[in-house]
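Order of writing sets the chain letters: A, B, C, D, E and F. Residues in each chain are counted from 1.
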Amino acid sequence: MSLSEYEPPQPVVEAAVRIALAEDLGMLGDVTSIAGVVEDSHARAVFRSRGEGVLAGTACATETFRCIDPDVAVTWRLSDGEPLSAGTEFGVVEGLTRSILAGERVALNFVGHLSGVASLTRRYVRSAHGRCRILDTRKTLPGLRALQKAAVRAGGGYNHRDSLSDAVLFKDNHLTVLGITRSVERARARWPGRMVEVECDALDQVLEAIAAGVDRVMLDNMTPEQVREAVAAVGGAAAIEVSGGITLDTVSEYAATGADFVSVGALTHSAGVLDIGLDFE
Amino acid sequence: MSLSEYEPPQPVVEAAVRIALAEDLGMLGDVTSIAGVVEDSHARAVFRSRGEGVLAGTACATETFRCIDPDVAVTWRLSDGEPLSAGTEFGVVEGLTRSILAGERVALNFVGHLSGVASLTRRYVRSAHGRCRILDTRKTLPGLRALQKAAVRAGGGYNHRDSLSDAVLFKDNHLTVLGITRSVERARARWPGRMVEVECDALDQVLEAIAAGVDRVMLDNMTPEQVREAVAAVGGAAAIEVSGGITLDTVSEYAATGADFVSVGALTHSAGVLDIGLDFE
Amino acid sequence: MSLSEYEPPQPVVEAAVRIALAEDLGMLGDVTSIAGVVEDSHARAVFRSRGEGVLAGTACATETFRCIDPDVAVTWRLSDGEPLSAGTEFGVVEGLTRSILAGERVALNFVGHLSGVASLTRRYVRSAHGRCRILDTRKTLPGLRALQKAAVRAGGGYNHRDSLSDAVLFKDNHLTVLGITRSVERARARWPGRMVEVECDALDQVLEAIAAGVDRVMLDNMTPEQVREAVAAVGGAAAIEVSGGITLDTVSEYAATGADFVSVGALTHSAGVLDIGLDFE
Amino acid sequence: MSLSEYEPPQPVVEAAVRIALAEDLGMLGDVTSIAGVVEDSHARAVFRSRGEGVLAGTACATETFRCIDPDVAVTWRLSDGEPLSAGTEFGVVEGLTRSILAGERVALNFVGHLSGVASLTRRYVRSAHGRCRILDTRKTLPGLRALQKAAVRAGGGYNHRDSLSDAVLFKDNHLTVLGITRSVERARARWPGRMVEVECDALDQVLEAIAAGVDRVMLDNMTPEQVREAVAAVGGAAAIEVSGGITLDTVSEYAATGADFVSVGALTHSAGVLDIGLDFE
Amino acid sequence: MSLSEYEPPQPVVEAAVRIALAEDLGMLGDVTSIAGVVEDSHARAVFRSRGEGVLAGTACATETFRCIDPDVAVTWRLSDGEPLSAGTEFGVVEGLTRSILAGERVALNFVGHLSGVASLTRRYVRSAHGRCRILDTRKTLPGLRALQKAAVRAGGGYNHRDSLSDAVLFKDNHLTVLGITRSVERARARWPGRMVEVECDALDQVLEAIAAGVDRVMLDNMTPEQVREAVAAVGGAAAIEVSGGITLDTVSEYAATGADFVSVGALTHSAGVLDIGLDFE
Amino acid sequence: MSLSEYEPPQPVVEAAVRIALAEDLGMLGDVTSIAGVVEDSHARAVFRSRGEGVLAGTACATETFRCIDPDVAVTWRLSDGEPLSAGTEFGVVEGLTRSILAGERVALNFVGHLSGVASLTRRYVRSAHGRCRILDTRKTLPGLRALQKAAVRAGGGYNHRDSLSDAVLFKDNHLTVLGITRSVERARARWPGRMVEVECDALDQVLEAIAAGVDRVMLDNMTPEQVREAVAAVGGAAAIEVSGGITLDTVSEYAATGADFVSVGALTHSAGVLDIGLDFE
């Protein structure tokens, strides 16, 4: 077993798989296999990509089969983070046919969704041409955050804060009373060692945030032109994150502004599935 | 409190919200609000749609705030299943500013994702022009199935089986040994009162399934022309479900074939978020 | 490991065993063994039936010992669903004496209760002489439904719906406003692919239900004579389930009426234990 | 809210109800009510006993409805431990019809089973004519122990040890190596303040146990005559518990022997349901 | 695997470790190792005591590594309850460096705290010079009771009651209405087989408690002189427990009074950590 | 309800209290109160400090009583973070006597331990005379981390990283292969926006870390003299944390060196309880 940078912690996998299996097996288990498949039948099935993308979620698939039947053998030819093309065979499952069929859908739901996240991330990363880094957000699907954040890494992206505990990020609604300077000061005082970032809609806010000594400014809903201007004004005094509705079409333009990061909620809230099948031989 | 057909069971909501809050609050809670927002500040914020679609997930948002701070008041102007346009204000949250900010992201993640599922469903439903019904599948996101299935109903869709326990659905891999006729017979014997369906790639399979007395046939990856032919051959002896890569572009054509159902994995595995904000006043 | 039709899904077993062990081990574990049994003592003990019946629950017993001490070896000579007589030795446990004693009661509680359910089911099945099938109900013991439903299958019975989600079953209290015809119509519209059943107290209700196109009628608290009359009236247009206080004394008479199913709450709400011991050698 | 001696701790109730509701509501909730009952319909329903017995489990029923819909009002006319006859109305539920129907089965499963345990206990207690006390055992149904033990108290019985941690009870299998005297000595040394009891099959064992200073002897599978002899031999030096297959027919005879306790596994492993209905008005 | 008297039940360990790992791994796992340690690097590390004390908590450490990565091998040279000196190497961990580092802190937190409890207990035990036994209390740290009670045993102490269910212990607040005699009588009647103890502040209470037939009296906040007087007055009619702010300085004096037990809340509420390291080789 | 900076997130409190109540109520609940306290007796009890310190844990106490009996009223005169002296009455509980007694120990275990953590923190803070800030560590008690970290804040301390996910902190064992410079570089690349810190034993390491651009250096087990030298060498280029066995006796000396932070494992691994009582009136 490896602890790869592209995989979530194993206890998270263990818990997520149990919830997913409870959903899918229900009270009776796989009634179809019981009716249609002879009890001692064995099978071998291959995970095969039907599209192009990046693999993620293998640890969840392994755990799915292990939890249903520890005698099922799962072996991976590729690891999370590796590229897939249509037709790529990246894993093999062998064991009782009923056991494989009982786990198939859950395993595919994990691998398909998480590879979808990784693959969409990779597309943003490619479109950024190495000029800036792609970040995820807290706009994740409930219960799947740790898994999705690992998938973002598998796709070549980087993780923004995990949770509200993780870093200070002031937005409009936080700043109405105390303003940027005083809020940043209080954040530094209260939460040493945590990044302090301020969301800015306009250049004067950026300048106030920089003067207050933030680690990063988030330029929200600005045009590439405005971003470029802000980058120049900041002059390296803080990292710059650009955010707000940036798409695959526009990411390249933003990446070229000199900003350090583009953060993209879509990576985790709107990634479609990567089409993956489990083909029986 | 209502038990609407468009909402998931309350105990499911209770559990899902606790998992999501554990993810998002982390160890310390909302460090940003603690730094930037005065402890006794109160606020009022409005849920506002920024796009067009269908509302879903309100029960999760209510529970989110209730769990963080029971003194927060959440009131809904619209219910799950009702249409949203850009600018529609559909709910109000009032209470301590810190409490609202602490729950904002989790509430939005639920409402945004589930409204996204409902909205995509509604688009398929509209494209089918009432000629057939749109079904979901078991291709759901792990841990979110009950919530997603309620959102599909909110969007005007219908639920296929919940879990492997719920109905018998023979696919290729189940039929290699025993074949259709004998498998259906065994399913009827073992699982009375459960729907029996067979996935068919070709007309002869359809005919064998009908002869075996199935409740429904699933026509997989057929052209509209092939579907029409199968519909004629079945002649009402079983319900007909069409499946396999049907998109918003093609659903209309399939809906016109006379099939009863089109099932669409994308409703739950690839719905993008509906953009919704919580705007402070 | 097998996925037999007589066993519950493994994740259900895993969860149920953990709850039962938490109850029985308490804070300190088995204080008696610690006081009376030498730490490195080994033992071999045999599961032996002290009465006649049907075996069920072996997966729970296996998991019980596995969870306390993975070095305990549990081997089964018989599987769930097989007959037991007084004296039948059907399993062997070997390992540290303390480990076996620590798991003994929990393992026996599972096997004794579930074999009790299976055994009572078998008696009903035998009394029906193959003329109709015996169904369970939702009158199960809280927390044990999936296990009990597997035990019913082990005893030769069949499963009615799992949960309120699983099928539509209109009773008196559902029909007061909308009546049978309209309720059935709504059920078909809302929940395609799910069985629709109506509970009927009188023949006119049966006829209305049949006309409405239900899948099954439940004849509640009718005499065998009334059932026979209803069977004739239905004429095969729907399946017929008889229910309401049917006992081992009366099941044979009801089974002879031509009804398809007799459902018996007692299988799961009132099955006594099958007396089983774990005899040390 | 009261903390009656006949009720389990509230946190246990809270957890048990959530498990039971997850089983019964499934993914979709009550599909029947959604189809057949108008959303804003209200109802009033009465818990009514259809047989004679003792009430138990009301806290679970209250929690069931509270968890589904906090607006449902549940009021009890009788409390756990009070007698029921056929026709006794002991509680009222008022609220949305859908909410009541959604909780009906789970509430009845708790109340019916636990009242069944209480009622069977009461029958043993009555048959003992106050000459000895009736004890439960650890032969409980997995996951329901705390609830069942409260029901035994509601029926007039007493609780033996809760778990393996709770008291020392040497049986045959514990005594093979060290024997009674030394085992008791070790138990006293290791576990001060916990009852030490020895299961005895013969008078010489009883005498050895008494000499070793046990708190209680369990006379296992002895005839009333043998028990009487042992009672005389013990002469008050320890409490005496009689156990082993004692039935409602034989309990009176054993109670008359002078033993202090009769313990009955059947109270919790084989109590049938008490037939209780929730009648809509 | 052994079931030692010094270890908690394995299911308790399993649950506690999962909670602790969820706390410490967070969303991303060990970000430091991912950055600094090559993925396939292996290591061997030794558990080494940096102080003098008693070992406890090894089962938790084993489970910690097993849960992160089953391929990590953990072997113990010493068992819970054995003495440690500064420099003692008592266990070895071998496997992937990242896996060892990911579990290091959680394993040390368990072993350090529980060895701290065991070590403090041992100091009290030694100071009592075998004249009385040292008991723990219910003043434990939330969520850690079973683990702490095992550690107390490992240190040579004994366990008082586990929970409020476990024994009757009347204190001032219980006795205001009914008084000692009647309360004890009611306790005997309601809870046969459970120890009944009364907390006494003065000799007349002790005498009343003895007359009422209690199993044990707790002498609360008395001087050694008062205890000696009470011991004489009791004359062996009940066990005597001394409690109330007894420290390592005073325990010897109390132990010499003839009391049977000294109970010490500090064992579990105020034990400092035993300094233990995991040294990489 | 407030979301104070000195309190943990409410969902964490909810979960921790349920675990603690399951431990302390056991199967039967408070057997002592059932025996000794009349069912409808009411009481009023006051939380009173018996020593000097800082209050923490009130949210856990509130939740404890709410979970046992929602009719118990808990009101606080002081909040977490406020000072306590011997005799300070800081809260009142009113309700059924049995309900109060059932929750007393759990409430006190939370408040006593967490106030102990806050109080010890306050002592370190005072000894530092405002010259540096006191930090906690990950050396927390398993399952209590979020609660302990809030208590540290209540005591005037600051939180170091929450979990392994939260910040990069290279120690010896991480640096053996790649060394400081390259490890820091990799950390910056992999985990943008997270603090990077390096533990240093010697000045050359400090200089290398500074050159590598770390946010903070941890000076481990250095003398105050060595720290002063390092502070001078760093010259404000990074924050400086001092760690390693710093006690109440030595903290003042370290605080005077010019270091920014002193981190103290003892705050959470070795804080004794603050003696607090719940006095009935």
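Here is the rule we use: a contact is a pair of C-beta atoms (placed from the backbone, for glycine too) under 8 Å apart; a residue touches a chain by one contact, two chains touch by 3 or more.
In this text, all values refer to a predicted model and were calculated from it rather than measured experimentally.
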item	value
For chain E placed onto chain F, the superposition rotation in degrees, Cα atoms, nearest 5	180
Type of chain A:chain F copy interface by residue overlap (half), same or different	same
Chain pair with the higher count of C-beta pairs in contact (B-C, B-F)	B-F
Averaged-CA centre spacing for the pair chain D and chain B, given as whole angstrom	43
Inter-chain centre distance, chain C versus chain F - centres from mean C-alpha coordinates, in Å	50
Junction residues of chain E, two or more chains touched	5, 23, 25-30, 33-34, 102, 145-146, 159, 162-163, 165-167, 190-191, 194
Touch list for chain A against partner chain F, complex	5, 133, 135, 158-162, 165-167, 190-195, 197, 215-216, 239, 260-261
Residues of chain E defined as touching chain A within the complex	18, 21-22, 25-30, 33-34, 39-40, 67-71, 96, 98-99, 102
Chain F-facing residues of chain D, complex	1-5, 7-12, 14-15, 145-146, 149-150, 159, 162-163
Interfacial residue positions of chain D with respect to chain C in the complex	16-17, 19-20, 23-38, 41, 43, 45, 60, 97, 101-102, 105-106, 108-110, 112-113, 116, 138-146, 162-170, 172-178, 183, 186-187, 190-191, 194, 265-266, 269-273, 280
